[in-house]
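Look for chain A in each of the two complexes below; its partner is chain B in the first and chain C in the second.
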Partner chain A sequence: MSSKSRNGNNRKVVAYSDLAIRNNLSVVEYCRTSMAALSGCTAGVLGLTGLYGAVFYIFAVTSLWFMILFKAGLSNWKNYFISRKALLTNGFFGQLFTYILCWTFIYGMVHVY
Partner chain B sequence: MPATLFHRFVLTIGFLSLFHVAYSAAQHRSYLRLNELDFTHLPLDVIIQAFISLFVIMYGVMNVAGDFKEIKASAELENRFWETFKNVPSFYTFSHRGRFLNPSYSSYKGDDE
Partner chain C sequence: MSADLVVDSQIRSWVFLPIVVITFLVGILRHYISLLISGQKKLDQNQLRDSQILVRARVLRENAKFIPKAAFILRKQAFNKDGDGYLTRRRPPSTQNLMTDPTLMTDMLKGNLTNVLPMIIIGGWINWMFSGFITTKVPFPLTLRFKSMLQRGIELTHLDASWVSSASWYFLNVFGLRSIYTLVLGENNAADQNKQMEEQMSGAAITMPNDANAPFKAEWEALEILDHHWVLEGVEGRLLRDNKKCARKKWHSMHVIVITQAQTKRSKNALSSV
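What follows is the complex of A and B.
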């Protein structure tokens, strides 16, 4: 029902469940937004300035990627996601603005005033 | 596994810890200002606590966000059987010839006539 052989070649065609993909992506999106806000708060508390903040953002995104893969299971992440690379790079610049907002706000709260 | 009380507790602890880090950083900043020292970096214990609380919060968020679903369309159909789909209660029939096989039914009929 899910997979059928094409005539001629034996390559398997896998049918994906639309609902499950959307559910997984919304869970990941939730985690990513939270991670951007929280790592921005942490960067502000630590008093990072300039490029150190950007490096910290990349570190946060990468560690979130590892945590998601670890939650899905390092060997069977293919059951839950189609592409591992898209999981890392999706919404990178979109979340960067959330990060910068929290970063500057908390930096101002803790270190300036 | 769905979100449990334990994960919400972990999340709360993480947020309290991050708030404590922010308070410590602000206090360190005012200490520097009173002693007219220059800011280079925060004390090491504050930095370590910031990182730990960030990861504790992320662990809590990832578990509260929800579970991943298997994206294969057949994933939730694999454990069902034909009997499950065949079972339609609206089409149940109880007045069929099976009642003639019941001994008490035939004796009751005989008395009536």
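What follows is the complex of A and C.
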């Protein structure tokens, strides 16, 4: 993550740089889409079905969340993102379709054919 | 659970993969065609000025605590003066009726054309051409109710509902590839149907006939009731008080700076008078 959001005078008022926040969020969106595609392919190759697949998706989303927080620095993630929870649950359903698509695709390629 | 049905590998190469490729390429094609069709959006100068006035009023409200009271009152008067301020000027009610405004209508038509129509056409073509056989197995269990929806054209009652036909594979592709378009085409691409639909819905909600004055009234009210409180009040005292040790040094250094400025001013005046 290249850009940083600016903190104002550190009493109670914090000023966030709008451009930086948007840039960070778009980077996270990019990561999330690639993660959905890759984890879908993995699930297909592994041959997960049904509930295992759903659990794997949740596992992938959570691990991506951890990795992002780790990269932002566990103590100063506040410099880059406004809220951690929004980071976790933001694109959940949007990427779910991508995950299911890749999952079905690779599952079909590997196990059915 | 590996294949409980053995599927011909020709289906894979001639149905499964081509549907993915077709969906992806049609999406990209749609993006470029919509770029070509939609011309430059003409900006109305008055509308732009009005929206910028609203933005400026909001910025004034949010940052009022950083400017001294006199400056704030000056700006507030410019906005709220009776009859002539930026916000109180009379505006003719804009008849933004959805049906009669030609530009909105053509925009909507174009949006509909480039998004929904190809999906319907290609969905129908795929349904006609690739019908009568199953295409793939979805990896999650589905109830029997989905069978009629997902297995169009296949009349086997004993078949597991996870085996789907090509039409449902096509729709799964359409929904799943939407976020991949964001990767490939960058943000703000026209292949993303979801955003288009959201835009349509919000566009229909924004056109409020005969009530163009409402946002201005709201801003006027908000400015009127704002309680101004300058955060920089007495900041010199705070600075000097908090740094008592360096205060004396600072005071002396400030003294020196003031004296040197006065000296340079005097020398400048001397030069100019020569």
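Brief remarks on what is shown
The criterion applied here is as follows: the second predicted complex is superposed on the first by the 102 of 113 C-alpha atoms of A that agree within 3 Å, B and C clash if a C-alpha of one lies under 4 Å from a C-alpha of the other, contacts with A are read in each partner's own complex, and residues count from 1 in each chain.
Quick note on the criterion: contacts are C-beta pairs under 8 Å (C-beta built on N, C-alpha and C of every residue); 3 or more make two chains touch, one makes a residue touch a chain.
Everything numeric here is computed off the predicted structure, so don't read it as measured data.
When both complexes are overlaid on chain A, the residue A:Arg84 reaches neither chain B nor chain C.
Using the contact criterion defined above for the overlaid structures, shared-chain residue A:Trp103 touches chain C, although it does not reach chain B.
Of the two partner chains placed by the overlay, chain B and chain C both lie in contact with A:Ser34. Touch criterion met: A:Leu46 reaches chain B, while chain C stays clear of it.
When the shared chain is aligned, chain B comes close enough to touch A:Met67, but chain C does not.
Contact with both chain B and chain C is seen for A:His111 once the two complexes are overlaid on the shared chain. Comparing the two complexes, residues 30, 34, 47, 109, 111 of chain A contact chain B in one case and chain C in the other. Across the complex, chain B meets chain A through its residues 18, 21-22, 25-26, 29, 39, 41-42, 47, 50-51, 53-55, 57-59, 61-62, 65-77. Interface residues of chain A facing chain B in the complex, by the touch rule stated above, are 1-3, 14-17, 19-21, 23-24, 27, 30-31, 34-35, 38-39, 41-42, 45-47, 60, 63-64, 67-68, 71-72, 79-82, 106, 109-111.
By the touch rule above, chain C contacts chain A in their complex via residues 1-3, 5, 7, 9, 11-12, 16, 20, 135-141, 169, 172-173, 175-180, 182-183, 187.
Residue ranges on chain A touching chain C, taken from their complex, read 26, 29-30, 33-34, 36-37, 43-44, 47-51, 53-54, 91, 94-95, 97-98, 100-105, 107-109, 111-113.
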